[in-house]
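Letters are used for the chains, namely A, B, C and D, taken in the order the chains are written, and counting of residues starts over at 1 for each.
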Amino acid sequence: MAQELERPEVLGDFQNDIYAGGQAPPYPIDWRQLEAAALEALSPEAAGYLAGGAGGEETVRANREAFDRWRIVPRMLRGVGTRDLRTQVLGTEMPAPVMVGPVGVQQILHDDAELATAAAAGSLGVPYVHSTAASASIEDVAAANGAGPRWFQLYYPTDRELAVSFVSRAAAAGYTAVVVTLDTLVLGWRPRDLARAYLPFLQGIGLANYISDPVFRSRLGGAEGMRPTVERWIEVFANPDLSWEDIAWLGERTELPMVLKGICSADDARHAADCGAAGVIVSNHGGRQLDGAVAALDALPEVVAAVPARLPVLFDSGIRTGADAIKALALGAQAVLLGRPAMWGLALGGEEGVRHVLRSFLAELDNALAMAGYRSPRELSAQSVVPRP
Amino acid sequence: MAQELERPEVLGDFQNDIYAGGQAPPYPIDWRQLEAAALEALSPEAAGYLAGGAGGEETVRANREAFDRWRIVPRMLRGVGTRDLRTQVLGTEMPAPVMVGPVGVQQILHDDAELATAAAAGSLGVPYVHSTAASASIEDVAAANGAGPRWFQLYYPTDRELAVSFVSRAAAAGYTAVVVTLDTLVLGWRPRDLARAYLPFLQGIGLANYISDPVFRSRLGGAEGMRPTVERWIEVFANPDLSWEDIAWLGERTELPMVLKGICSADDARHAADCGAAGVIVSNHGGRQLDGAVAALDALPEVVAAVPARLPVLFDSGIRTGADAIKALALGAQAVLLGRPAMWGLALGGEEGVRHVLRSFLAELDNALAMAGYRSPRELSAQSVVPRP
Amino acid sequence: MAQELERPEVLGDFQNDIYAGGQAPPYPIDWRQLEAAALEALSPEAAGYLAGGAGGEETVRANREAFDRWRIVPRMLRGVGTRDLRTQVLGTEMPAPVMVGPVGVQQILHDDAELATAAAAGSLGVPYVHSTAASASIEDVAAANGAGPRWFQLYYPTDRELAVSFVSRAAAAGYTAVVVTLDTLVLGWRPRDLARAYLPFLQGIGLANYISDPVFRSRLGGAEGMRPTVERWIEVFANPDLSWEDIAWLGERTELPMVLKGICSADDARHAADCGAAGVIVSNHGGRQLDGAVAALDALPEVVAAVPARLPVLFDSGIRTGADAIKALALGAQAVLLGRPAMWGLALGGEEGVRHVLRSFLAELDNALAMAGYRSPRELSAQSVVPRP
Amino acid sequence: MAQELERPEVLGDFQNDIYAGGQAPPYPIDWRQLEAAALEALSPEAAGYLAGGAGGEETVRANREAFDRWRIVPRMLRGVGTRDLRTQVLGTEMPAPVMVGPVGVQQILHDDAELATAAAAGSLGVPYVHSTAASASIEDVAAANGAGPRWFQLYYPTDRELAVSFVSRAAAAGYTAVVVTLDTLVLGWRPRDLARAYLPFLQGIGLANYISDPVFRSRLGGAEGMRPTVERWIEVFANPDLSWEDIAWLGERTELPMVLKGICSADDARHAADCGAAGVIVSNHGGRQLDGAVAALDALPEVVAAVPARLPVLFDSGIRTGADAIKALALGAQAVLLGRPAMWGLALGGEEGVRHVLRSFLAELDNALAMAGYRSPRELSAQSVVPRP
């Protein structure tokens, strides 16, 4: 409907394609319906794993409620016909301030798993963040991702050399940043999974990066089969005594900019800056780690205020609509990461499903930005939003 | 039930007619039931179009919640037996500070479409605002509206001459003001419609004002049939680069007072005043354009404070009951516009249905005003309401 | 379960009777269940009339929500074994600060109507407030009420002599105060009743006080039958131009203390005091008159602060539990009035049902008072409650 | 899933056992499901008794809502691999700051009643607080509890000598503190029980401590059978005129530290300290006593501020998850008591069920503490949480 919908290339044509084609899209557009359809399509185990949060799932709820406490002030007649959502974060170009956040064991959602997600993201130029706990290897995901931008997420293992190996492989395979997740040194307490005794890693799912790693394999001492692999994985997966010094140590051993994920306080934001981080991600792991935690969006402003201006602050945990993204960007995020929404697409339609979700999200964000009166995410500021009275 | 219910003429007899007649009214009185009945009566496509909002529909919800944060302080024994709700806005007389807001493509709701709505409004003297995107032409609606007051709503096209043509036709057909909608330079992201690939304009519905326009037809270059018409319509419908200068330009080319619709901030209110607007409408398009936007009622006080006293401020987006109208009037609106409620009436009973809704609304407003202790909407002020604790 | 439950006589034995008897009570104890059972037992018309509120029923909801914003601070070990809930308001003794509020047309709820309610209240010594719009006459209700304390509620008619007649009859029949309702000069907009064209008065129900009145009858000019009676009633029922002077005028013509009901603002509280009122009732008519109005409890503190200390402030609109009563008393009410709860009892069991509700309420209040650490309602103060954070 | 889950012994292996075992646990993990399953398994009478609260159950709801107003700020990389949740309160060692709160008449939930609960608690070293109103005697519970730590809860009877006897028996049987409940001098108004005329004590259930007591028996004067026992019990159970002096009097007659339960205000906290209490428990009896009362968590900070630092403040009323416990501990509690959750376990699986609940709760708390960035509950402070915006 109208010319502005035809540009920019990646963003503008989605709505037009649907209406002009007169063909109902194969997957839902509304995020609540998308979620419902995806969970319905999955096994109870996989649905529980994907949807579940920690404890009483208060953090999951808090993440969403926080968005409702901010309202966008739409501004009129600001010449929004030519919009440019392109963003650069730590040298990574992206068509809009949106990335696919790291999610592990995608194999439980769709047979094509991370390869589908990476391919979909790559086809749109949307950065894909590959999880350490993935069901496809760093190299295979890079191949599927093609020319698309990609970052590597690290669960910092107890074995420092393995960390270095992961990061080196990522650099070699064209990943341009490393995201170190800080909030999962202990696995979250997840009643939905506990009630089903369901932890896919223990069945050998989600260990592709480990199995394909020479350092990891050398530590197996020649043992074969799933059991010793899983046992060794349990030993190395996470180090609850990981320290800021470990972070700095790794930073000195890679050229990749290092982004610290899971920052929810000004103090930790300062720690991150002090130990060489190139950026931070405000996140509470989508409510999957600490129940009762501060909503990620509520923590965003103080983190933005605490880090030096040179450090980009990214955001995840609760983003579902373009309006959500605008709020996070207005509160200081440089870009947002989508977790569960991309996975709903994967569950429903593999690569096509992920592409549907990403195209839909980008188009909605573009549309919302225009409606709010902005030509670029860079124009957003704290004045773009007001607290709900 | 009591004499005051029999006056003033238009307003007071509704309640009495029902009770004294002892006949249940043919359509619901409660707005939630009215909405439910209307949506039930419509096709899923039309129901989705009518009820739907942008994105996650947070703005739709916010609009309603905002009313609940204000409470009317009823005052006793203030001599409310003789009430006079008559109001004049920009020279237009109305029996109460209530208008029928602009809604397009009413054909999807009822075969009689805008002609029914305009006739119902006209029969009560309630101003009807005719939408550019209507399924009946400026002239046909004027005929149906008869002696009733009417305004014309403009979606400012990319073709300035077409804008002038629309406005000139409106002036010639007895419309006494032009409402320029600012918040729809891009079509809102509406999941309910996207999920059904449903945009009636692309089927040629809602183009009556264009098809009947000599400027629009001249631009078709002799092409015939729906397809070239729709294609041309897509080109001209909206200009995302529309500017305040465009507004001023149009203002210089019409004698009609120009009212700008979609103002949600003090800054834009000042812009409106500066570029020659004769009034503004605080509105977020009923939540159909920008998801996550500020509730219209929350934006009202600052707009009222920002515009010069000579400029009337009108209000739409969320008005459902007489109490809602009193709150908006107390916060500074000169009149309120009804959108969806009138359409529920149309969907259920054509002209009769719209009249039912309008009579019901006016009677409820009259009743509420009396109960609050006022004889006239002019007596309402910020002291008439208090925030909920 | 213990000795204190056996005193004082009226209050303490309810809980003990049930537990020791081992017999489930014939009517629900929980107010939500009581309401549901009563509405289930009634015709849709009567249920709608009883449960319904004005407009969107926002005031009904607001009344309840207001209680949840206050919390009682329980105090320990304050010697609550001997409690005395007896209260005196304007010379009327009552076993606890609880009255049965005025409710009209009880005939639609139970054949025994006001006679049952008055009898139940009288049997417990709880003051009964008889409505002008009742289905039993002043004198018949007095007889049913027996030695019980009773007040008369006045809908001040357009015919001043009729007002004087009502009040004189009340004084003669042992009513010890007159409650003048200020908030019903126009009948509330009640969608549930409008949707059924249901207004019992127009069927001649609820006119007993009028029919039995010599002044009213003299004005009929000899006409007979329901139709002229109803027509005359419509003429006299309410005067929307009633003034503070009319109130003062009536006050000078009766020895009964005059209590003004429907006060929701400090200004009107001062007006009340100035025109000779002996007390006021903070009330919004249970949400049946002005939709969107301030919650009655939210208005209570400012009314208490505005009236001279000699004027008792009573409270109705939303009281359902003993905790509610304690909050209203702590905020300055001298007593509370029960409306709908008593009617639920009436609907379910006539006189027995009302007695059940009153005994239950008094016992719960006694229990709650003890638990909060008070021996008497007089000990309650603003320090007894805190706002919810 | 990882090594830290294997320590400390009592706490860390729960999650690992489930996942590694690949066997779904026999009882729910999520507390809402646990509650639902337990209530489903019980008779309506027992379910009503267990789940019910006072009056409109506003306090029950308030208790839960209060937790949602606080949010934990997770801190990263603080070396949480070696955690030590061990706590000492008044000389009682416990593996974590968690106790099983006093609950009476457990016989209605499971045949093994208090013996099962005490055994489960004892097997984990979690302190068990034995209720005066229990269905097993002080001595039998001590035997079942074995080497586990235990406290005795006292409903201070009207017969002071009986109080001394209870406390002496408790001391002799290895109970190391006495918890005097202050908030039950009158039995709460509980609609669910009243509606069923269900009070188990009157059927002789829950009188084990009395029946086994020499002082109580001596007062029976040789009467035999349930009826005189119950009648005497009614006489002695509670003294609504209990005073701070009575508390001090008892304190002088026992070596056991005395903890006062039911404190919800700073003033009462000071009274407690003044009359010799060794500690206090902030509690509103899980919402079972005073309806409409302040949420226990809302009262916690002021009580902590009011008592001398030497007095430990414990907390119950609403704790359901590890996150809840962390919030209470951060706001100043030394430990929390679990009431209903342990009973849900008892109802579902006797001793095994209780152990499941306790192991699950301790493991979740350990997990949450690690995730929040703390090695010990002692590290928690008011800085660990923030109010919800």
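By definition in this document, a contact is a pair of C-beta atoms (placed from the backbone, for glycine too) under 8 Å apart; a residue touches a chain by one contact, two chains touch by 3 or more.
No experiment lies behind these values; they were computed from the predicted model shown.
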Same or different residue numbers at the subunit A/subunit D copy interface, by half rule: different
Approximate Å spacing (C-alpha centroids) for the pair subunit A, subunit C: 59
Subunit B and subunit C, separation of their C-alpha mean positions in angstrom: 42
Contacts with 2+ other chains: residues of subunit A: none
Arrangement of touching chains [line / ring / star / complete / other]: ring
All chain pairs that touch each other: A-B, A-D, B-C, C-D
Subunit C to subunit D touching residues, read off their complex: 1-5, 15, 18-25, 28-33, 67-68, 70-77, 79-82, 320-324, 326-327, 363-364, 367-368, 370-372, 386, 388-389
Residues of subunit A defined as touching subunit D within the complex: 54-56, 58, 62, 66, 69, 182-183, 185-189, 191-199, 201-202, 234-235, 237-244, 246-247, 260, 262-265, 267-268, 271, 284, 289-295, 298-299, 387
